[in-house]
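You will see chain A twice below: alongside chain B first, and alongside chain C after that.
For the complex of A and B:
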């Protein structure tokens, strides 16, 4: 208990049960997140996963539909952005074009007011009722009253506490403060210092529009850090820079974080950026936190297939634990380190660099066929087919294409994950020319607007969002289909997939059936009807029921 | 070579138009402004204008009413344009159309209708339009020029950078400061072109003040019109010349504010 207490005091910001709903769409679902003082935390996830919304709620631009945001254990949920000791570096910088570099940087300081104790004529402190606190408490009471997601009991309890606090604030006078602007000399001193932190000493008088992208970026950072915020929020700040600039800025930001010692919360969809800079990474998807951990933990011990697939290229297979520390996938039994229950259906992640290659057969090596080879500078990247499964591998040695090859995996290179549910996740799907999603090289008609939340799609398959158009032809995607979305029948004439029933498990009111296609792809299907192992069945999916997520950056598909 | 010559020929209609309808009339105005009835060169019109306190007074009042009208139109038009530019309130542009539609009706008709409406209202209050000439003129002016304010403001408001507004809030601006430090500077090109659209036509307008004040308020436009209708072509021309010079000066002044890259912003809608 005592340990918990000390722990919570080191958190600078805490999100408690935060939910955000826009027009009936849940963007953030009951999120709990604690961030320690001085940490460099990255919110990582695909576009539309809610990471930017989370950041905007911390900055104060959005108010959560339900839940609390605490800053140093103080509720700031209903505090407007201009009162929060938090500053943001915006995605497109959002500099003020009517001001020059100096005035842009000084902007925050000129609005800042320093509290000075109010004294009466005899030099004694004046005691007054704290009006700001009363106002704040009233706002909080209002917010709790309006919260529809909170249970009545909780509401009642919290309202009593707040009302007590309000009564106390109304009855006890506290020392009064008056607020004073900073003097121009103080401002000047700080501006010069901030500009030197971002290496822009000589450019004070320059017009914003004459600066390069990298310089504008630096001005945006200087403008945000000059107010000495407790937390610096960065919303994909490097997105508009070219690759080399981005790499340099990543290191510089990291360096700056060390020097300033303030908490950084960084939002990005670039996993490499996240791995390079962060002390800890929060991986998000669909408004839910998937995993929180250090870069090493996230990379080496992904908690589920989503994290494994999103962080770095990896091989993910459905597998079965067949004995203690033995797992079967790629039609072979491998030794592994993770101890899972026997007969559990699991997912296996193998990083490409953990795959050993060999020209000749060895014990415990699996034979496959080398299909492609790409030179990547320090290593080659290979694609090897084993049956119908693709294996991505890396090696510094040169192996010939179209020849048999043998692969082996060390036990500690195999990472087992519990299957979150029976949702079918197909990580190597792509969008074809006919705007269908190809799962296991079979076309399924799908709704492409699912790739970007709140977008529209026209009959030519062009997706429109925020006045920009995207053509997702040949895009690599991850398709997800819930088991109950499949229509299963004996009639295979108009089926999208034909396969054989492998197993059937009764789950109380429905069966979970495993259907394996001729191409060895597995489909979990929920159905109220019985099918027997060995039956040949046809599967169909309604196009609205296929979930899609883009791999890589959305900008690549803009037209 | 042939092609180049042909391309030059394409400019002929434009130059013809320019000479016939812009340069010739200006030369005529200058000619009449500095000649007498017999066509002899003289400074009579010049001296009679600058020595007549009545005429100078009319110019001053016109400028003041012009400024006042610009101020009122901006005061009403700015929040309206801000609301119209918000897609929440203005689905399908219906509201914008409602504000712009009156412009499609001839303004003499509109002003006549307004006079009748105002006299009905004022009569019901026990007074007449003749007793409140300034009030009636200002109502007429604002109603007539409001669409001209709203459109340029609306088109700049559509382009307001939300990130910049949020950045201002983030850097400690309360709602009032956000308005003065971020929204106004961003809307400046729109404000400038809206002011131009209102200020100059107001000075030279004469139908509105004539109809609504029952001839009690005389604007510069009225006095130019009167000069010509009294066959004082030379005096009228000189005053027109003054008008042209004012327009020229205002344009020089506003260009400083607008900057080249913003020229297409507010004026783009026209």
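For the complex of A and C:
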């Protein structure tokens, strides 16, 4: 998708720098997304990742705090939902209980108005100033003016363009239209067709409350596609169905997408559903797009540990490239396909189905110990310990538990990823009067002598080096903390920072956890213990483990 | 067995205490004795007198006109208010709900007094020392009384509704106004209807607020508006209750009885229908 960025005419919808902030919480952060005409795109991510908010902004139920949404290159950011050529299938269907199946489906058509050219008595077109366009432009101008995240220059530039457009719209009359409703026969024809598409031909007169979940689902789809929208939005529409029905509906939706040729934007947290149905998947976490790609790309070549962890089950390890196409992890050197720089610290992903198991030692196989076995129907799922690292494997063969086992990985089963830098760097920290470093306005006791190599510090916080004394009170510094330096605990009573767990990725023998404080500062923490998203945890750091670097000149602090 | 008899007789005793006076009233509306408790002979005399009594007929007319208008106005304001508050942010929602509770539990005399004080104050300071008291002040008084009750009747219906319905309607091309009257209003109609009935009856038999806020107008012309409750009160002050009132109250009771019976029959019919549909649905599975 990113390859033909220059050719924007194939995109039906474009999100440009879209940010949404609710009550000071950033739900979507500077999102850029282009969706091609006719594609089946899935927004995938854990709950609270902003996927539903994105969908609601496309539908028009939410307005972005900043940024633009373009439909066919036209700005629709401030257009109300009832004017957008976009329809939604809601999570709980939201069918109108006061109307029967037929009237529910016909609802959209009855609101639809067809433009007809206005003619005067002599049959000539009447020219008028386009009031709708003027209104729309005024709305856009208002929106840009209110946007607090836009830089002043951008604001001015865009306002000038919009004002020019407004002047033009006010001075040039265009052919006028009047609008008329569809006739009941036209409506009837379309309703019958839509109901036959979803196989509900005989239920026209039925009351909504008498339908089963699956039937209601079909009515919701018929109701949404009848207006021939340019984009169909589906907000976890299969969530309320049972497993078997869900599988059937997945295939049926996919089939429907092919037949109708409408762009589908589908929101789900179910990775399997996303892999089955989509042309391309947008993986989101924490309001940010992690990766965009085809299901195969997302599964086989995840861009980072989050994607690898979220899509399917996987083994993720820290590793080092030790020679060309050779990578070391699990205390062993494996051949791999990805060509990364030698000595680079990387992360590797190995899918459980790519792990070969053997009872006896073989060349290039690593010895481990079988810890557990679970029968999964088609295959067994095993957990093997190699040193401190856990390996998840699958096999149709039955191996005994508590026995030595040998594992091997084919080169194309190993996928390398550039290591996401999880070092915590806080560029807006400062030293307080109490000789603590303030990160996120929270005091952390620290070792001030780290600001100058080989210096000493006394108990008044005065740093001595080369017979000169320095007082770093109120100095701006950059603080760095390695993820391993944090002590994380459920007990928040003596914590230096209290925050909420946002995400957690398992890496063989430890988790990398993202903790966010109330003040919206992020902390990456490495821990061997499990924490779940939403847990409230306390963090502490040993004062020796905080790295400090002074911003500005050291002479300013000499005394 | 004995326990059962006791239990039943207790219930019947309570019902008797509630309904005997009404029965007594109905029986005595069919005699032309002037004094209460006397039975002279069976006649419809009181009924013909009732319709000939101009004073009572004016009061009845006033009462009905006032009840209809105030019920309509309070229902519109209360319903729109409930919908508005329902889609508000949490803080505002809680505040409005709290404020709405106070008039409900407040003593009527407080509402009546405060309205009177306000009208007098406004009249003296902003309307050139004229008296504001008229049909309009009376209407405002009755609306103040009824709006919180309409709100309380509509709110539960909104809470039962799927909040996504409004968005679904807009998504399908309905403007906010259209979405309101095509989707939201039909959903909460039972609540609106019971709110309307309640505000009608509240207005019908209100005395305190009426006595404080009324002025000249309606069928009473230049004189103070007389409603049934104020008329009875005025009559009692001078002497006995006019015998025609027995006939009138009988008629009112029978009308209310008819409404209640029709309403509960309709509700029961709906329930039965739903039950039958469920059976059908289960059978079709």
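The criterion applied here is as follows: the second predicted complex is superposed on the first by the 418 of 559 C-alpha atoms of A that agree within 3 Å, B and C clash if a C-alpha of one lies under 4 Å from a C-alpha of the other, contacts with A are read in each partner's own complex, and residues count from 1 in each chain.
What we mean here is this: a contact is a pair of C-beta atoms (placed from the backbone, for glycine too) under 8 Å apart; a residue touches a chain by one contact, two chains touch by 3 or more.
As the structure is a prediction and not an experimental result, all values here were calculated from the model.
Per the definitions stated earlier, placing chain B and chain C onto a shared chain A by superposition produces a clash between them. Contact with both chain B and chain C is seen for A:61 once the two complexes are overlaid on the shared chain. Contacts of A:87 after superposition on the shared chain: both chain B and chain C are touched. In the superposition on chain A, no contact is made by A:38 with either chain B or chain C. By the touch criterion stated above, A:210 is placed in contact with chain C alone, chain B being left untouched.
Among chain B and chain C, the chain that touches a larger number of residues in chain A is C. In the superposition on chain A, the residues of chain A contacted by chain B and by chain C overlap at 59-61, 80-82, 86-88, 90-92, 94-96, 98, 107-108, 111-112, 223-224, 227. On chain C, the positions that touch chain A within their shared complex are 162, 164-165, 167-176, 178-179, 182-183, 186-187, 274, 277, 280-281, 285. For chain B in complex with chain A, the touching residues are 161, 163-164, 166-174, 177-178, 181-182, 185-186, 188. Those residues of chain A that touch chain C in the shared complex are 59-61, 80-83, 86-88, 90-92, 94-98, 107-108, 111-112, 207, 209-210, 212, 223-224, 227.
Considering their complex, residues 59-61, 80-82, 86-88, 90-92, 94-96, 98, 107-108, 111-112, 223-224, 227 of chain A touch chain B.
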